[in-house]
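Pasting the structures here.
What follows is chain A paired twice: with chain B in the first complex and chain C in the second.
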Partner chain A sequence: MPASKISKDDLKRHLSEKLTDYTLVGPVKSRLAYKFDVISNVDRLEIEYTTTVLPPKKQFMPTVEPLIRFQGDGTAQLPLIPTDRPVALVALHSCDLIATDLIDTIFATAPGDPYYKTRRENAVILGVRCMEPCDTHAFCNAMGTLDQKGGADIFLTPLDHHFLVEPLSKKGETFLAGAALSHSGDEDAQAVGRIANERDKQFRSQEKVDLKALSDAMTTSRDHEIWDELAGECLACGTCNITCPTCYCFDMCDKMELSLVDGERRRSWDSCQLREFAEVAGGENFRGTRADRQRHRFFRKGKYLFDRYDLTGCVGCGRCVRQCVADIDPLEVYQRLLERRSARV
Partner chain B sequence: MAKPRIAFFDFACCEGCQLQVINLEAELLDVLDHVDIVTFREAMSEKSDDYDIAFIEGSITRASDIPRLEKIRENATVLIALGACATIAGVNALKNRRTPQENLRIVYGDDGDKFETFPVRPIDQVVEVDYYLHGCPIDKNEFLEMVKALLMGTAPKQWTSAVCVECKLRENECVYDLGRLCMGPISRGGCDAICPAYGNSCEACRGILPDANIPSMVEVLKAHGASEAEIERRFTNFTAIDKLVQEMEQPQ
Partner chain C sequence: MSESITIPEQTLYLPIPTPVTAVRMLTKTECLITVELDPDRIEPYRPGQFFMLSLPGIGEAPISVCSPPEAYPRLQLCVRRVGKVTAHLHQLAVGSTIGIRGPMGNGVPLEQLKGQDLLIAAGGLGMVPLHALINHIVKNRADYGTVTVLYGAKEPGELLFRDELLQWGSRGDLNLHIAVNIADEDWMGHVGMITTLFQYVSVDVAKTAAVIVGPPVMYHFVMQEIRKLNLPPERIFLSLERRMKCGVGKCGHCQINEITVCQDGPVFSYDQLKTLPEAI
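Moving on, here comes the complex of A and B:
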């Protein structure tokens, strides 16, 4: 357990001072929802918030990003990703911390993606523990991501007037230098335990998803009737992928200038639920039906990444079901697939 | 190499899409480095039947439109439908709720029989269309991208993703959460979700996507409190013909 704490006011003051050296990015409130945004005044920052519309990965992997600029004379340049000021990414929930770990595994492990890596290495991440379910859709507890610290450099636990503070890396320690930390005793740890106990009962499902069993169940579920059922409901709108913190598929296109010889190659977030996603030259489509695409989406979450990296591509953040107008719920899908498996054995 | 010759033609419409082209202003001058515009009623008085690329604005609303459009198709190498009236018959298709005779009587009263009309159709029900620029009105930048692609000989982007994609990429709050209805999940994107970005419903002015899950969209609208009449209105504001065509094509 952490041995330091800081008063909420002092943390704010510290973050405010850090504005001189760091670019601060954290949750802010728009009409109803929260979004990660650049903060110039810490009064706008909402450290205790419910899940954002888009995941924080947009900080390392912008929704649309130039990859290369080229000119008609054959010259080309890589875009400059500024690193003169480090970024402090503030108040990531556990689900997003674990999702960041997952994307690091794919994009920041050698050889890695230079664009992602440059931004990722330039950032210090402050995680924050959830003291209540962020909404009625969340199922991080079932996926085992709740309370996880992932690759956070600092992990904060909010209590009434304080945050408990755990520095978890050198970067984190550097960021905390000069903060008004004080000793935190056993009573704080006990308070956290009590609150967490109450919190856990409030999640919509108390049962843990067995991730290995899920992957195995998927292996034998190619022809499960659920894919056609989901196809009946799914609108193929792409929202579930665009809002998912672990999705990383992108599309690429060239944006030409009117000279018709100078231009820019860009990538932008894509979604495997869209009809064109698996279409190739000549019009052949490897996943031409919504059933194929729903199955692919869930296999990627529960099986493909598990087979290859021992990771599950769903952290239970609930963003997709929260924002899917057809209410397609991954937890229900996992439970259905596991049900049949247990019925069989 | 001679510059490609471009012509604009309008049928039943408000000519707002041609206006979007004129609104390009500065870029339009750069476009003229690459092309000659030979017919463009809204911007110039010269005319010519010698052109390579034809942009067609407006819906087909009467029998005499057909030979005129067929002639343009014959003359043009590439034919592009410009805006919702041309691509999906847009708001003009509202007229198809009544018989042509009723429409004539309502609009022209006793003089109705002096005019000619028939059920409205998008231009691809009359001639083959090579590319579509959707929207009511079109997006001027999308027009520019189309021209660039044609000049470079690459395939112009034809949107097949829903409005929700761009809506979520902009990190908009969903208008369903604001208590409004939205056709975005099954509507063709390309507009950068401009209506939801300002808190308004998407009215599907770019048409319903091919393969759209219409039964589920109806359920979603119902679940959000829409009455039968309201659902009918949402589906027929711009997309009466799209919906009809798709219902005929859908297997179930």
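Moving on, here comes the complex of A and C:
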């Protein structure tokens, strides 16, 4: 496929035209940071942005959503998810694209989660290449997600006045129909290479985390002193889970209306850092200490999901690092675990 | 491990309305609920599988299959009252309706047990899923060799299915040993932990499989005894209890390492669990 590009103004114009058929969701500036929001005026859209506080997974799995509606006669029904308008989810960074792949693997493969799948299939995703590190917390380069296109339908690369445009699926091509694309030559590709080179040097760590080695290191690190150290700092607030694009655990609880006749069974985002998460009847808790729960969190990121699905459970977005009051930093944890391993061999 | 049933996506979280046909208190804290499944919407079940029982506005609880597969589409469930959902389940009346999702999980690998001598150990509520298995064995007695059942409970009043225990004990083709930790005045049987029943057990290592279900503390002690018998780990099966919300591998609550107990389990061979930290 010949490479194409579109001027920044033309892309905005195209997105604006798409508003008649699509619900547009993308990054907007809120008071202190960026967030994904529904956009009715494309001037609010910030395609070149530093990462949002909450990940875009909320588009497919809202923080709280009904799974079942109860009626007065005791029967239950599935709530309908409207699909009359497709959603265009705009400007996902590579970390979030790879995270979307991971959650797709779990929620869209059999038995698929009907709510997630419906929303996911109803969406076209526009990814955007990061041309500089989001900040000093991001470590996507170390986790191998930087520049990845994951499940994007279209991938954009920003240059000075235009975006390089790569349609990656039928959905993406349909979305681009009518856009003012023009031919992009070798000089554009070379410019991207130059910028990427400069960009890579600015990340806080130049070293790649070897995912296989990390998983192996974790196998022998169950009793590592780091878990107790982290337990001493962690407040078990659960913020790391809520901000993480690859966390998907949820709780289910019933909410009745005042009539006590109609109501809903809802799911809401949950956190494995909370004490009750793994507690069963009789008070038995298989992860009763903070150390157990921190280990579970990081093993999930670095080992369990990787071993099972061959995908990284941490995409290096840095969101949890930015928000954690205890300054707990996954990259430092991974490096510590890998250090001991290399010291051993 | 036997394969899990595939659940149609649209009904992943949708409880199927199911009539309650009988309710009976077994002990002070456990009641036996009988329901009639809709065979068009709910597939046959196996011992070791479980169902999510749902009450609108109250919530859901995972409860083990208690009746043998032969009873399908009838299903029996034995519920201990420990909290919100289970307390409401105890108030169910005949003729009312509950929501049911399932069957879930892998269940006991019946095919692997066929032709083997069986050593079955039940601690407390562990008798619930094993009741399904033992009744299945009794109905297909010729398919199995020697069958030994060890059952431990805190006190005589906590013993489940007392009528059936008497029947099993008098069959002559089933070695039943019962222990209570604390006896009462009427108790004439063995007193002690379930582990003290192993003195009555002798197995033919070449053709014996063990199935053990009980609370987490029991596994530690019972496994010590089981190890002494030198059974191969792949012929020892345990059922794990974990907190469960979805039952279909999505919510993350039941995860141990890369395994989701609700889908990959709840029944595991000891071979699988040995290398699974946090499991038992």
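Assume the second predicted complex is superposed on the first by the 341 of 345 C-alpha atoms of A that agree within 3 Å, B and C clash if a C-alpha of one lies under 4 Å from a C-alpha of the other, contacts with A are read in each partner's own complex, and residues count from 1 in each chain.
The rule is simple: a contact is a pair of C-beta atoms (placed from the backbone, for glycine too) under 8 Å apart; a residue touches a chain by one contact, two chains touch by 3 or more.
Owing to the predicted nature of the structure, the values given are computational and were not obtained by experimental measurement.
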item: Which of chain B and chain C A:Glu233 touches, first, second, both or neither; value: first
item: Touched partner set for A:Met256, first chain B, second chain C, both or neither; value: both
item: Which of chain B and chain C A:Ser30 touches, first, second, both or neither; value: first
item: Which of chain B and chain C A:Gln323 touches, first, second, both or neither; value: first
item: Partner chain(s) touched by A:Phe60 [first = chain B, second = chain C, both, neither]; value: neither
item: First, second, both or neither for A:Leu274, with chain B first and chain C second; value: first
item: Which superposed partner A:Gly112 touches (first chain B, second chain C, both, neither); value: second
item: First (chain B), second (chain C), both or neither touched by A:Tyr49; value: neither
item: Set intersection of chain A contacts, chain C complex versus chain B complex; value: 253, 256, 260
item: Chain A contact footprint on chain B (complex, rising order); value: 27, 30-31, 33-34, 144, 148, 151-152, 157, 160-162, 164-165, 168-169, 171-174, 176-178, 182, 184-186, 199, 209-213, 215-217, 219-220, 224
item: Chain C residues within the chain A interface of the complex; value: 6-10, 12-15, 17, 54, 56-60, 80, 82-83, 97, 99, 215-216, 241-243, 245-246, 248-253, 255-258, 277-278
item: Of chain A, residues touching chain C in the complex; value: 67-68, 70, 74-78, 106-107, 110-114, 117, 222, 248-254, 256, 260, 263, 265, 267, 270, 272, 277-282, 284, 286-287, 292, 299-300, 303-305, 307-308
item: Chain A - residues contacting chain B, complex; value: 30-33, 35, 53-54, 63-64, 231-239, 242-243, 253, 256, 258, 260, 268-269, 271, 274-276, 290, 323, 325-326
